[in-house]
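Read through the structures below before going on.
Look for subunit A in each of the two complexes below; its partner is subunit B in the first and subunit C in the second.
After this line comes the complex of A and B, so read on.
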């Protein structure tokens, strides 16, 4: 197991070096603008009302690790396996999408701070570690994803292994993003209206958008303090870190070619993170992808089964119970 | 086309090395990696539901008694990407499922391989839940 882990690390390290080299070559090539006239010729198409066109079906399968790995990380715990009997989980392994496009893994989704590590306050990690070690004790210790509530904003756009489809529609004055996972629609007004009042606290916050050139900038505030910035195991150490009402996310969607939207999100929550941090990833156009209605609660057998597994463990250890 | 898609998916997963997929819940919260089980019987229902598909089957024991089992699989969209479709296991199909038993002792299991009578194998697993690395998950590293 340990050898496998080391081998995996070695593979990841090798892939990372190769990927970084590829990126470096691409950057250098792009810098010499005369070398790639075709790339310079691409311009974003517009919707009827003049918005840069982001519409279509997009997916974001991505095998890039969320953070740069640290020896102190506890992948077993983050994936809900505190006993260490399982093999842990990592980033979603989709080097290619179904159209065969190569998806180049990068060093980490976290691009700022430059060390690729999210500046999580110790209290938040401790609270999360306790919760994940007790997921079979109560639904309260499970993430909002496992409870079929939401993967959150921006967490709903973080890569995972399946159900990673998104549909973007634009109408005059609005952008709508439909998330396949848990079946959520974000309706983002573009008319400059202010955020809702501070008394209103929302699972996914209150989104307000505007265009800066070809970039859709979405400002999200008014969160409740019940959710998490990230919920799925591919988010590794950031999984299930609690969010506070002070959470503020700034998302930037830029269509950089026909098949790619560059997505960047800067997250600040001064009660949870010591500094703001930024993650970067792509949405890849996949017009033939079909999204299913998610219907999560109806099929969420994992919830009762996990809790009944916990009760079976209690019964097997009567000495630990009080009279 | 279907076969080529499945093969492409398997190849892609192998190339990815030790980076399993991420699933809705943790394997070890619900299933016991030390209790593998092999189930032989007929498909009675295939539930194409999120966040995990469930395959139901009837298993005849040595004493002739028929017992119902429920087997968890990957999400519908994950199974479709691997080559599964609505015709993969019609009702009444004789199958062999290899998986791991539920920790609460009920007749539930986390499915891994499904083998049809003609020898065809379909990977049912909900990859990345942390199931033991037994070499059958195409998302696992190959030696």
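After this line comes the complex of A and C, so read on.
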């Protein structure tokens, strides 16, 4: 299964690189820069109240690895399979010839630092390692996604392979992003109001937006220290890395053509990362995509099953194991 | 230097834009303040955008109910149930005989049976009158209702929609305007949600028609017709006002209640370390 997946990935990667070499030019021009991407001749339409129009249904299928792989990585651990040896890759891939979606060939979603590696402090990696090795002990060691609380901000926008729909609505003074996963409506005020008070800590932080030209810039603060920066296996080594109350995310949404929003997020958390880092990806317009109700907690059989399996393992005697 | 100047210019422009936007929010440009001060959107429809909340006690019981003690003795007055006048037109919920018996059973076993206790999605119309705010985001296309409770949400499609592919907790919502009333036809429910904390329930045959009608700048009259031929003998209506939250800088916060129910739902499966705090010393008594 894993081998077959790896083979397909290799084929897809090859095809993608060849077929989309031209696209790479655009990627290189947008690259790690947080400046406004080259907008070419396309002009964003406006909403009734004058905002650049981001409305519609968007998806984020993207098989780009989150980070550039390093020999010291433990992908089995990150994906919740500590005994596994499979090399981690991005989420499920969708080749162009099947779905028509564009795959943007890049080495990693992390564009800054240039080595494509998130500068995680050792304590945070140790805590992640411990948690992921003990997921059957308690829900507290599982990510907020497995717990059906949230995939987080910005983690909820990182590719995961399914439940990948996002609907954006704009009303006077607000941008709203409805996340298919865990049905979260993320409401971003644009009226310049201050962040909520410091005693209010939120799983997804407190978002404030403003427009810089055609770019929606969202400043996110007031996080609690219970969530994580990324929650799913596709985020590889960053999965289950804790967030502290000092987390600060700055997101930039720029519609660069009819079918594409360029998304960049810079993350700083001086208690968790040694330097700020930036990830970059696209949201792709997909008007026919049907978002389903992701009633996650209501159907979360994985949680009791995982824990009861853990308790069964506690009591099983090694002698009774079959080889 | 150059980029500093550019940054400053952008900041000033953004600030100006923010002022314009906030002015627009206060005095909608397209909204003629006619008809009892009802704001109007650019397309002339009533502008329902805003943060709304029900008062009253419909979330406890849709029908008349007197104050009573709550199920957790230690919570005393704080955990007691306030009295309230019902919101059901005519007062009666027309249950079929078997369903009336089931409703009573539900009431008697509220804590163990109510899906709200487990932080499950609330369904419709219950989401509307829970003791949490919700926000309406209205465009000329879709309208989204975002509820603070459990991060529940609904998309109301205007005009047409394909049949729902699966049954859901929140149903499929199809909207249309009848004069100044937003009418929402909600179908494709599962049978898992309740209407209140008193055990009022439905089957998967539930069909709800909601009506949101502005009664002034800060009040919506909410009416819902509830039809379920498997449970009730006829359709019945509830009617209650929704009020605009006026608090300075009000916004939806998070009530991600999964965190508050994990110990209750999964605690028996947690690996024991010897350092556990008992979940609750409280004694349960209900009703």
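Everything that follows uses one rule, which is that the second predicted complex is superposed on the first by the 264 of 323 C-alpha atoms of A that agree within 3 Å, B and C clash if a C-alpha of one lies under 4 Å from a C-alpha of the other, contacts with A are read in each partner's own complex, and residues count from 1 in each chain.
Methods note: a contact is a pair of C-beta atoms (placed from the backbone, for glycine too) under 8 Å apart; a residue touches a chain by one contact, two chains touch by 3 or more.
The structure presented is a predicted model; accordingly, all values stated were derived computationally and were not measured.
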| item | value |
| --- | --- |
| Touching partner for A:187 - first (subunit B), second (subunit C), both, neither | second |
| A:162 touches, of subunit B and subunit C: first, second, both or neither? | first |
| Which superposed partner A:66 touches (first subunit B, second subunit C, both, neither) | neither |
| Partner chain(s) touched by A:223 [first = subunit B, second = subunit C, both, neither] | neither |
| Contacts of A:135 with subunit B and subunit C, given as first, second, both or neither | first |
| First (subunit B), second (subunit C), both or neither touched by A:204 | second |
| Which of subunit B and subunit C A:292 touches, first, second, both or neither | both |
| Contacts of A:311 with subunit B and subunit C, given as first, second, both or neither | both |
| On subunit A, positions contacted by subunit B and by subunit C | 136, 148, 292, 295, 298, 308, 310-311 |
| List of subunit C residues in touch with subunit A within their complex | 10, 14-15, 17-22, 24-25, 28-30, 42, 49, 119-121, 135, 137-142, 144, 146, 150-153, 155, 165-166, 168-170, 192, 249, 251-254, 256, 258-259, 262, 265-266, 269-271 |
| Residues of subunit A that touch subunit C when the two form their complex | 48-50, 55, 136-139, 147-150, 167, 169-174, 176, 178, 182-185, 187, 189-194, 196, 200, 202-204, 210-213, 226, 290-293, 295, 297-298, 303-304, 307-308, 310-311, 314 |
| Subunit A residues within the subunit B interface of the complex | 1, 4-5, 7-8, 11-12, 15, 63, 76, 79-81, 83, 85-96, 98, 100, 135-136, 145-146, 148, 160-163, 165, 180, 232-234, 292, 294-296, 298-302, 305-306, 308-313 |
| Touching residues on subunit B, where the partner in the complex is subunit A | 5, 8-9, 12-13, 15-31, 33-34, 47, 49-52, 54, 70, 72, 74-78, 81, 102-106, 108, 127-133, 139, 141 |
